[in-house]
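The letters A, B, C, D and E name the chains in turn, as written, and every chain counts its residues from 1.
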Amino acid sequence: ADGGGAASSGGDPGSGDPVALTYVSFLPLESLTFAPEMMADAGGFFEKHGLDVTLEPVNGTPVAIQSVLGGAAQVTRLSTVDSMPPMVDGQPITAVGTMMHNSILQVVSHESNPIESAADLEGTTLGMGSVGGTSEKMLDLALADAGVDPESVDRQVVGVGPATFDLVRAGQLDGYIVSLDTAEAIAAANDDAVTSPAGLDGTPDVQTYVATPEYLEQSPETVKAFLAAIKEAVQFMIDDEDLDETLEILRSKYSFANLQDDAIAKAALETLRTTAWIGDGSTPLLQNSMDEWTGSYEILNGAGMVDDGDPTQWIELDLVE
Amino acid sequence: MNRRKLMRILPWVTTPGLVVLLLVAWQLAVTIGGVNSLIFPSPLDVSVAGVQMLGEPDTWENVGLTVTAIVTGFLIAVVTGVLVGVVLGKIPWLEVSLRPLIVISQVVPKVAFVPLFVIWFGFGITSKIVLATLLAFFPVMLNVLLGVRSIERGQREVMQSLNANRIQTFSQLEMRGIMPYLFAGMEVAIVLATIGAIVGEYIGGNRGLGAMVVTAMNALDSPRMFAIIGLLSVIGLGLYLIVNESKRFFIPWHESVYTQRELAVA
Amino acid sequence: MSITQNADVPSAAATATPRLRIRGLGRDFHTRSGTTHAVSGVDLEIQRGEFVALIGRSGCGKTTILRMIGGLLAPTAGSIEVDGNGLWRDGFVDSSVITKLGFVFQESNLFPWFSVLDNIALPLKLRGVDKRTRRARAAELAELVGLAGFEKSYPRELSGGMRQRASIARALSVEPDMLLMDEPFGALDALTREKMNLELQRIALETQATVVFVTHDIPEAVFLADRVVHLTPRPGRIRQIVDVPFDKPRSIHLQTEPAFNDIVRKLRSDIDEEY
Amino acid sequence: MNRRKLMRILPWVTTPGLVVLLLVAWQLAVTIGGVNSLIFPSPLDVSVAGVQMLGEPDTWENVGLTVTAIVTGFLIAVVTGVLVGVVLGKIPWLEVSLRPLIVISQVVPKVAFVPLFVIWFGFGITSKIVLATLLAFFPVMLNVLLGVRSIERGQREVMQSLNANRIQTFSQLEMRGIMPYLFAGMEVAIVLATIGAIVGEYIGGNRGLGAMVVTAMNALDSPRMFAIIGLLSVIGLGLYLIVNESKRFFIPWHESVYTQRELAVA
Amino acid sequence: MSITQNADVPSAAATATPRLRIRGLGRDFHTRSGTTHAVSGVDLEIQRGEFVALIGRSGCGKTTILRMIGGLLAPTAGSIEVDGNGLWRDGFVDSSVITKLGFVFQESNLFPWFSVLDNIALPLKLRGVDKRTRRARAAELAELVGLAGFEKSYPRELSGGMRQRASIARALSVEPDMLLMDEPFGALDALTREKMNLELQRIALETQATVVFVTHDIPEAVFLADRVVHLTPRPGRIRQIVDVPFDKPRSIHLQTEPAFNDIVRKLRSDIDEEY
């Protein structure tokens, strides 16, 4: 366990006591989606940057946004489908750094009736965690992109765990939308399961860290330190060829089935570090890209999912060094 | 006499008065206090959203679904709660044996069983009814149990001396003696049935007012969300008042009913 | 009709099975503050149509005995036979033994959810008598006990004495052939009481009912009863049984006759001795 | 006498018996009936997970947190419920005016206020306590209200004839007269407080047994999830039994307590 | 002590403010089944230390009058003054007017959660008497009413008569200077009753308490009272007030004297007329 050693060099954001900061995640932390935060925490990267970060999970994106707006937390991570509508509405939130460049949502279906592209979605009954949530928005984007009538897809709220696969098997659902590592786990446990992005990754979804402008004004150094810590944590995982050390560090503080299973965890992390975290490789880790940002806005705007506005107002480009 | 009339009219004055007061305070908190409108939209925004929402035919369909789920769940809970309560109230050894299981069925987090619910009952209204029943059952049963146990010994002895059979004792004595208790239980139960049905709509399917709340929340449309919640509250309150008022017809003889009347006089 | 028996060995001469045969009856109560021997070693035989009064000091076990006979309280000792059939078996009552029982409780025990009329008609309702008949009968009985005009009132709207009268009417409604009455006229004024005494005598004679009647009024006991059973307290035991030899029906003027007053005085002085 | 002893022993025999029966049926359903083990893991898997879970020090810390939240919320609800119930029970016009608002506070979907909760009370234990209190308050208040109203007129008149002041009437008469009602209310309340605290843990923060359930669920670890739910059930049942048993000490005089004892004898 | 007054105009001659002045007192009850005029136009003045008995048929309004005097039921007509101060004002009672009140209810109204001793001691508890003193006093009173040995029992473990005696002891515990008793000895046997009559007379004389005493026993009323008020029912009105001129304390032998029996007989025949 040489996690501390990995974080041997770096900036010196503050002197004296560590600065407290609360980060809210829109899902429970026990998902590899949050590997960067967990690594920054377990690997001592936050500490090294003079931060005392509390990671608090809440139930869903809206609560995460509201926690930040209300001051209960300072930073959260949001997809553009979720962050841009309130931004257009004039809610005071600003994107400070890009964590993921595309969606990692997966559709799980049965081999007898596989869903492997957006076109396959037509006429299906699809399960998802909640109505009107991130998954449904992504689905609508993908359907619009592929020219499929969104009305033809029946949406049902279900638990997004492996148990729901029984509903697929029983034919009550054609498929359901889950996160990457859940998909890996389902695939590993069920030979008859088919997992695929089904076009949900086709649209440029950008997942960014957000904070209020007020907080940015007041403590820019803290935000920078936070981003720097995450960046180093991600870099560490990218550099860790066989991911063994990564898993060891993560497991030193976190424990959940997908993390405990070498095969699932490595597969999920591999996908993340080769695609989602780095995108097309044109921007440095965590660096916001104005083009990508406005591009994402155009698509959402074009699909009628956000009103007209000026996306350049909602983003800060110079917080990641 | 005059006061008695006053008591009848009073709630129609004070309650809206209080509501208006609350709304004004809320509006002030939002406009002056600077509460974020996404967290707590102003009453004005909410009413605009509300009016719009009431214009959508979908809303009324969802109201129908939710009310059906609540009422059905409530009625099933009352019937089973009375039966189980009376039986357990009269057979202590059975009660003593079953009570732990009943309690566990109540405290157990239902969320774990949602997948099972969906598999057994599908995405339709059934699983909502089941949840509403599950939640509403307990207070009814417990109060009925207490009621059966609280029946005066003297009254029981009257029935015994008349050689009344079980059914007669139930219909002439127990059923009536437990009424005040049953009503207290039903007042809690209708509230819990409402909660149960709405929770059921959150976690499965895509219809009903509960699902509408979630949709609005996910769309970050706070005014609409609060409007739906307002509608839900009115429905819940209405159902509650129906239960509460029906007391006057079913147990006019009970202290809790007639002392209230007399307090207005004496 | 005249009932004559030997005074000291009650019913020993009876050839037919007695209506009620009580042997070694006893009842203890176990409470926080120790055990109360409420009733102990009571032997008594009562013939069909006989009228027996129980008298004794407050707390001597009158109510307890009546409740055991009525099948409401299990004896802890002894046995009760009705028409030769055991009433209690292992602490459980065999209710098929007494079918037409009228029980007047010390407290009126009316049901607050029924009107006076419905309270009186309840026993008839349980027997499946149709609504019209039972209402008519109940109205008659309400009239009999002086509650005409209060048929629709709820029990809480009645005075204490009126409640007691309603409960008497309820017990009479099935025309019981066994009538157990626990101080039924306790809350009534002298004149209402006298009237009720005469009515009760008439009804008992007409229906040939067996009556066990608890009272604390010695003249009342002597006026009504064929035999007066005198109990002493803790444990409740029979001190003596006094025969009342006057023919029935008895008129109210009997109470002025010396023979009547001799019995009353004798009982009174015997009870007096206990103090 | 003998039967009385039997009644004391019975629950220790029949309840585990029933539980064993249920477990066997469950195991059979899983192994023979082919229920998906992810939806419904076998009791064996669950117990293995349970033993492991009980070995983790974290578990006990979380148990402590959850129990604290339940008990604190319950106690606050009982105290406020009794106070509000007694006051409203004695002042009908106030009751008539406030009741709608109280009912609304109960039926309103709490989910809308989660952000407010988080902002006002943070991610700590406070918001769980608040939720537990909110849910547990209503049955206590309603039953106390009924209890106050059901106090016999004659008993009230005794206090009046003695010129008793309000506090005396409360402490000597009302407080004791409402006890049977209060206990029925508290039995529902402890169950609702348990639900409230757990729901509170779902919606934010990462501590407490509720959060552990969500974690296990999201981690797709069904055996562990069911083990935590089992632990939660045992805790809920334990708390319930404490409330239920304390009745014997507080109201030994009530029919519901002593008839139960006597039924064993007579 | 001997109280002598003119029979027909009660207390008109009294110069001091009477303890109790009742004027035009009335009470109606409105129920489902119509309005009952329970009490109507009752005028009565009672002096300090006087003992007044109310008699009349069951349901004639005795309890209703007593409850109005005791501050438990608002009159619908007329006024009640205690020591010159109005008791009722706009349907609200001014409880500062009667401070040392003892009320014996027709039903015993004991609190089921208290033992006999705690029930008896309740009034003392409310007055802040310390535990030891009130227990000692309650034990004395339990002894007085013949409940020694049952101090720790719960009310449900008592017989009807024992409950009634406990409630009498409770009313006496504060040494009331106004005692309102509603058929207190109704459930007692003749001898316990006689004993209680003598005790009550002693206590009333000793404490100079004003007593209003409801009974349906005419000899008891005449034996105890300075004046007997005879009520007729619906609406409850005063038919006559009869002075009882015998000196106090009275011995039990008074009951055999012709003068005593003349009054009893007169009252009885007057009540008889009502039928």
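Everything that follows uses one rule, which is that contacts are C-beta pairs under 8 Å (C-beta built on N, C-alpha and C of every residue); 3 or more make two chains touch, one makes a residue touch a chain.
Model, not experiment: these values are computed from the prediction.
Student: Any chains in contact with both subunit B and subunit E?
Tutor: Shared contacts of subunit B and subunit E: C, D.
Student: Can you tell me the least number of steps between subunit A and subunit E, where a step is a move to a chain it touches?
Tutor: When the steps are counted carefully, the minimum from subunit A to subunit E is 2.
Student: Counting contact pairs per chain pair, which pair wins?
Tutor: Among the chain pairs, B-D has the highest number of C-beta contacts.
Student: From the mean C-alpha coordinate of subunit B to that of subunit D, what's the distance rounded to whole Å?
Tutor: Taking the average C-alpha coordinate of subunit B and of subunit D, the gap between them is 17 Å.
Student: Averaging only over C-alpha atoms, locate the centres of subunit A and subunit C and give their separation in whole Å.
Tutor: 86
Student: In whole angstrom, what separates the CA-based centres of subunit C and subunit D?
Tutor: 49
Student: Using Cα averages as centroids, what's the distance between subunit A and subunit B in whole Å?
Tutor: 40
Student: Check each residue of subunit C and list the ones that touch at least two other chains.
Tutor: If we look for residues of subunit C contacting two or more partner chains, we find 107, 154, 156.
Student: Return the residues of subunit D touching two or more other chains; collapse runs of consecutive numbers into ranges.
Tutor: 39, 115-116, 119, 152-153, 202, 217, 254
Student: Name the residues of subunit A that each touch 2 or more other chains.
Tutor: Residues 62, 66, 70, 159, 161, 163, 166 of subunit A touch two or more partner chains.
Student: Which part of subunit D faces subunit E closely enough to touch in the complex?
Tutor: It is residues 152, 154-155, 157-158, 160-164, 168, 172-173, 176-177, 179, 251, 253-254, 258 of subunit D that touch subunit E.
Student: Using the touch rule from the top, collect the residues of subunit B that touch subunit D in their complex.
Tutor: Going through subunit B, the ones touching subunit D are 6-7, 10-11, 14-15, 18-19, 22, 39-40, 92-93, 96-101, 103-104, 106-109, 111-112, 115-116, 119, 138-139, 142-143, 145-146, 149-153, 180-181, 183-184, 187-188, 191, 194-195, 198, 202, 210, 213-214, 217, 225-226, 229, 232-233, 235-237, 240-241, 244, 254-256, 259-260, 263-264.
Student: Write out the stretch or stretches of subunit E touching subunit C in their complex.
Tutor: Checking each residue of subunit E against subunit C gives 29, 31-33, 36, 55-59, 62-64, 106-107, 146, 150-154, 157-162, 165, 182-183, 186-193, 195, 216-218, 268, 271-272, 274-275.
Student: Name, in rising order, each residue of subunit C that touches subunit B in their complex.
Tutor: My answer: residues 67, 70-72, 93, 95, 98-99, 101, 103, 105, 107, 109, 111-113, 122-123, 125-126, 154, 156, 174, 180.
Student: Please output the residues of subunit A touching subunit B within their complex, sorted ascending.
Tutor: These residues of subunit A touch subunit B: 60-62, 65-66, 69-70, 82, 85-86, 89, 91, 130-134, 136, 155-159, 161, 163-164, 166-167, 170, 172.
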